[in-house]
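The same subunit A turns up in both complexes below, where it pairs with subunit B and then with subunit C.
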Partner chain A sequence: MSQQPSPIVNAPSEATDATHTVQFRIWRGNASGGAFQNYSVAVSEGMVVLDCVHRIQAEQAPDLAVRWNCKAGKCGSCSAEINGKPCLMCMTRMETLPPGETVTLEPMQTFPLVRDLVADVSWNYRVKKNIKPFKPRKPDHADGSWTMMQEDVDRVQEFRKCIECFLCQDVCHVLRDHHKHDEFIGPRFLMYTAALEMHPLDIEDRVSDLKNKDGIGYCNITKCCTKVCPEHIGITDNAIIPMKERVVDEFYDPVTRLFRMFKSKKV
Partner chain B sequence: MMQTPISLPQARGFLQTQRKDLWWLVPLLVLAGLGGFIVYSTWAAFEGTNFFIGGLEQPGVQRLLSPFYSPVLWDPRGMHSGHAWLGELPAWWPALLPFSPALLILPFPAGFRFTCYYYRGAYYKAFWGDPASCAVGEPAFRGERYRGEQKFPLIFQNIHRYFLYVAILFIGLLSWDAVVSFTHYKADGQLGFGLSVGTIVLVLNPFFLGLYTFGCHCMRHLVGGKHDCLSCSKGRLGRYKRVTWLNERHMLFAWISLIGVAFTDIYVRLCANGTWTDWRIL
Partner chain C sequence: MDRLENPVSFPDRFIVHEHDVIVVGAGGAGLRAAIEASGAGVTVGVICKSLLGKAHTVMAEGGMAAAMGHVDDRDNWEVHFADTMRGGQYLNNPIMAEHHAKESPQRVRELEGWGAVFDRTKDGKILQRNFGGHRYPRLAHVGDRTGLELIRTLQDHGIHQGMEVFMEMTVVSLLKTSGRISGVIGYDRERGRMHVWKAKAVILATGGIGKAFRITSNSWEGTGDGHSLAYHAGAELMDMEFVQFHPTGMVWPPSVRGILVTEGVRGEGGVLRNSEGKRFMFDEVPEAYRNQVATSEEEGWRYVCGDKEANRPPELLTRDHVARCINREIKAGRGSPHGGVYLDIAWIKEKIPDASGHIKRKLPSMYHQFKQLAGVDITQERMEVGPTTHYVMGGVAVDGTTQQSCVPGLFAAGEVTAGLHGANRLGGNSLSDLIVFGKLAGEHAAKFAKANKAVEVDAAEVNATTAEIEKAFDRPNGENPFAIQSDLQNAMQDLVGIVRTHNEMELALTKISEFKRRYHKVGITGHREYNPGWHTAIDLHCMLTVSESITRCAMERKESRGAQFREDFPQKSAECGTFNLLTKKSADGSMQVVRRPIVPMPAHLQAIIDRMK
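Here is the complex of A and B:
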């Protein structure tokens, strides 16, 4: 039998023997303001935070705005802040949260709010368009193909795991606290640039952009982006710091600059 | 229904957060650990005595030198460590200028640690609160005036690789001190071979410093990371993988080596002032 939405707003759903009740504190509002509202939810074994939000939607607050899609940690849609930590709601199991405590749910703080748990992440797509695209060298073979060794693309393939949930952008204090959206592209796109820049076939030069346009120097290596990444990508160590070092090669290290004068640029 | 009157995006105050975990613990440990090391090493550097044992006046005692004082360019006046490269402090050194052999040495390894990518992230959080921890509010005064490492003064962090070159030199110097620690003066003034607990301490010190230094992000870049094609040169991929293995444990080795170098100084210092005796094994 299908469950009918409760006509009483914020009333707890019924807890049975196999469930327990958890208090939620969810941000409700839009760009002009809002407030936290409390909800009680019956939680059963195996439920994730997104399941609870759906139950609240179904039973208590049908107008609660939440973005989601795959419920499998692959689409990157249900990014939010759970107890102050940027997380995917669909990948956060209820049993991993402190038992007996109220769960606080907020939208991502780094982007403009649309409504409730939904933030407007379109800034990210605009940033991405401004990054120089992949520019391969001439094909190695007459049929238009190239030869690559797996070990040369291993580094790049790690970055390809990104699902663009933008949790790294959300937690980055350069954007979150200092609002440098006009001067800093954020960890997601520093990594995207690294994936292009390190690609063995690519011949485009983005190092100057990294320093002058993308604001890589604003990153002070707090590694928060790495900590929140649901795909466990080594964003700081494997993408941002290697790009910082390439910027040093190009702009801050006179000895390397001297050597580079006698060598071809892309090896 | 409880309501909190805030609008989004929320401008959080300093240390404000919705986090419920012990987010303050790691920055606090870093503050205590790094702060304690800075205070101790500064005191030890100015102290100027008790930095060696096993000089000519101590026959049979293994020759141990504190890593804070290595290499000893000049001995303080009236002191004969047996380690000085250029003898006693020259007469032209101004009497009013404080002298300790460590003051000429410590800025280099200190510079390497200060500009290290791991330590930067750690002390920006612990000492600057920039941010104190992930998703925790920052001091309001910084706001949009934040400059990061994009501009002066922190743009000088880009000098890190030059400190790396000096740090590698220091690994060599400290390894030499470890070799010297296998020796002692005999009663007739000749050198003899021996092994003590202090020798083991002095051997472990450059070993752990090496694990930290050679796992540096700059080293990873220089041995191969700067190239798009790792397989294009013989040995490049192997070197890159080995440094990457160390780099993945960079934080661990950073702390082990920091504690190790402080302990080595404490060991030599306590042996030198007579609190401990350096136990001879061979």
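Here is the complex of A and C:
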């Protein structure tokens, strides 16, 4: 570079604020190969990992690929693995990492690599499109509206907090280690299905899909997804287990099946 | 296609797509437009700069304004219309403001039919909350993550409507043939390949310009792409001097400076205090709001609790005013340690049981954001906040009944357009703007596409545009794009910010010319695949265009009104209230600013305004 660049916005504007230097080991490469490269970064109080990546980008490696948007934990774009743990880079403060140790940054491992820290997450979009969409009952009122009580929507609202960062998909061993991408939709979309199934207005039936197409049986409730969720959603307890129960009720329990014939589908 | 095969590199280097309607941008406005156009039976392509569902709409927190009257039955579209015009200091297009106020309840209910789950009233209706400048509780919301609910609802509904979605692709130029839109050209981030999208109509829904400033709530995408695309294609930009500085952004730690703190905090009873502990918002109340503001802290709290006899606390005045008051306190030395003021929601524990639970329920992402990024527990401690560049009221000038610009076939919706908000936007009017005018743009773009045959794209234009954006690769030792961007942001922040003067803005113009010279020498290292340096270099062109437009208009408007505060012209001028400013590209390529008389107020709307004064 022909001149000394100043750090970009969103990195602290005075490098003199820096309190210490941190060593980073960042994966650089694309689908055909790559290697870790080392960078040292001046870090000041309050900085998050994404700030460090931006500082490296602005000062040392302008072509370092990273995906990000809101920088406030609301869009779910900057998912990566920090010291092997799936995290949002924008919400991981440097102070929370072990002091004095090199920080290793890698892209999410469960998806194909695009470049550097950017993974190809397009599989998730294809999976979602194959899930039966929301289908509401007829409006309750002439103006096209419905009556729903807060307590009836609390649970669905919990699931709808999801920012689609796909960290739960990244950590899930069914996808990560066993590569069941063709048979298993992953925690994100089991929960998405749960949100539709528990929506007070929805009249679609996705329970047989959960069993036959979505691979819900592969989930053995290790709760890794719940642990990495940056929105702290009870993915396993509140979404997946109730869906497993519905599958059991529908397909494996003759008494419940008989009973359900006499009452409405939604409970 | 024949004409396109002549140039050496074509078509091998280009991936060509063909649709009736191309939507540029996949936030609330773009997705709503795409849904409408798809429903009208035309083929639709949506180009998003990021992944689908990550657009800046996701950051909207407080809610969307719609006069449904669920919480206060005195509300109706007329009150909403009058509030919007008052907030915009009467430079708004009244036709758009009327349509917006009338349509938004219907558009919100429609979202519910697509799966959105809003917070509920006790009788099971959509709950509405208080917000600055809105007379009654009007904002349909989901905690403080309303934008996420909006974008996810539109996304999940939209993907089943037949539209084709192009993710992580950026449009660099609009293509025109014989004066009409013929398509767009852009690149994909993943591989750096060039794409041409042929289209009969194009809808711009690219959002804002916040990245032209140092302190902003906007993400990296907010570089004014649509503004710049439209301007260079011959469309007019309007009201560009009006940039909204949201009063409450985070100020500490430095790396999060600018990140939004929702107005919903104040809607739920949060108060602003200076370092002396004083609620300084009581000190100055603008004339237009004098009859609507509480005279005591006690009355303000009663309003928050839903007492219909009480007036709003002064913290819920319009954003332009609140931002200036905060600025005043900081400049007077009554700020907080990190250069902001205090926003306190924890104090409501004096008033209600389980305040901590209430705050976490109503403002979950604020709780989360402060806890995780600043180590502050907002249920117990005060927040430090200060103004942040948030929104641009100005944008592409459109016909208020069709959303078409002066370029045939070019439509626009959402933040990239001007007209609805005038000199200052009310909080909550943006999300409703997106769905009301997104729908309108989609409807009329589809009509246009049905009524007009496609025109062939001009191969020479395609090749020239491509050559232009590839030049930077020939200068590996050229100027660092991040450095130019940072210098531009500093100049705009320091010289064209909340308080403006002629001399400072003249200096800004000089600097912008210098940045343009440096931009022409910008250099890129690495290759075309997912190269942020290259992308930033391309975005710079847009940021320079909008920065110049903002500065020139702000200099031309010699008064203080709404979001524009001129220290050298601190008063509102009656004469300046008669025109909007247009930015146009003249034949020699230079930027021209001209006055256009405001849209005349129809008598039936004037009557409403007079009645609500």
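One rule holds for everything that comes next: the second predicted complex is superposed on the first by the 249 of 267 C-alpha atoms of A that agree within 3 Å, B and C clash if a C-alpha of one lies under 4 Å from a C-alpha of the other, contacts with A are read in each partner's own complex, and residues count from 1 in each chain.
We take it that a contact is a pair of C-beta atoms (placed from the backbone, for glycine too) under 8 Å apart; a residue touches a chain by one contact, two chains touch by 3 or more.
Bear in mind the structure is a predicted one, so any value in this text is a computation, not a measurement.
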item: Clash or fit (per the criteria above) of subunit B with subunit C on subunit A; value: fit
item: Partner chain in contact with A:134 - subunit B first, subunit C second, else both or neither; value: second
item: Touched partner set for A:86, first subunit B, second subunit C, both or neither; value: first
item: Subunit B versus subunit C as contact partner of A:164, first or second or both or neither; value: second
item: Touched partner set for A:249, first subunit B, second subunit C, both or neither; value: first
item: Touching partner for A:180 - first (subunit B), second (subunit C), both, neither; value: first
item: Contacts of A:227 with subunit B and subunit C, given as first, second, both or neither; value: first
item: Superposed arrangement, angle subtended at the Cα centre of subunit A by subunit B and subunit C, nearest 10 degrees; value: 140
item: Which superposed partner A:64 touches (first subunit B, second subunit C, both, neither); value: second
item: Contacts of A:217 with subunit B and subunit C, given as first, second, both or neither; value: first
item: First (subunit B), second (subunit C), both or neither touched by A:199; value: both
item: Nearest Cα pair across subunit B and subunit C, whole Å; value: 12
item: Those residues of subunit A which subunit B touches in one complex and subunit C touches in the other; value: 10, 149, 199, 202
item: Subunit B contact footprint on subunit A (complex, rising order); value: 10, 25, 27, 29, 31-38, 81, 83-86, 98, 101, 104, 106-107, 109-113, 149, 151-152, 171, 173-174, 176-180, 197-200, 202, 215-224, 227-228, 236-237, 241-242, 244-249, 252-253, 266-267
item: List of subunit C residues in touch with subunit A within their complex; value: 50-54, 56, 58-59, 106, 109-110, 112-115, 117, 119-120, 123-126, 142-143, 145, 147-149, 152, 156-157, 159-160, 167, 190, 211, 214-216, 219-221, 252-256, 258-260, 364-365, 368-369, 372-374, 477-483, 485-487, 489, 523-527, 529-534, 536
item: Subunit A - residues contacting subunit C, complex; value: 1-13, 17, 30, 44-48, 51, 57-58, 62-77, 91, 93, 114-116, 118, 120-122, 125, 128-129, 133-134, 136, 139, 143-150, 153, 156-157, 160-161, 163-164, 196, 199, 201-202
item: Complex interface listing, subunit B residues touching subunit A; value: 1-10, 12, 17-21, 117-118, 120-121, 124-125, 130-131, 134-135, 137-138, 142-144, 146-151, 154-155, 158-161, 217-218, 220-221, 225-232, 237, 247-248
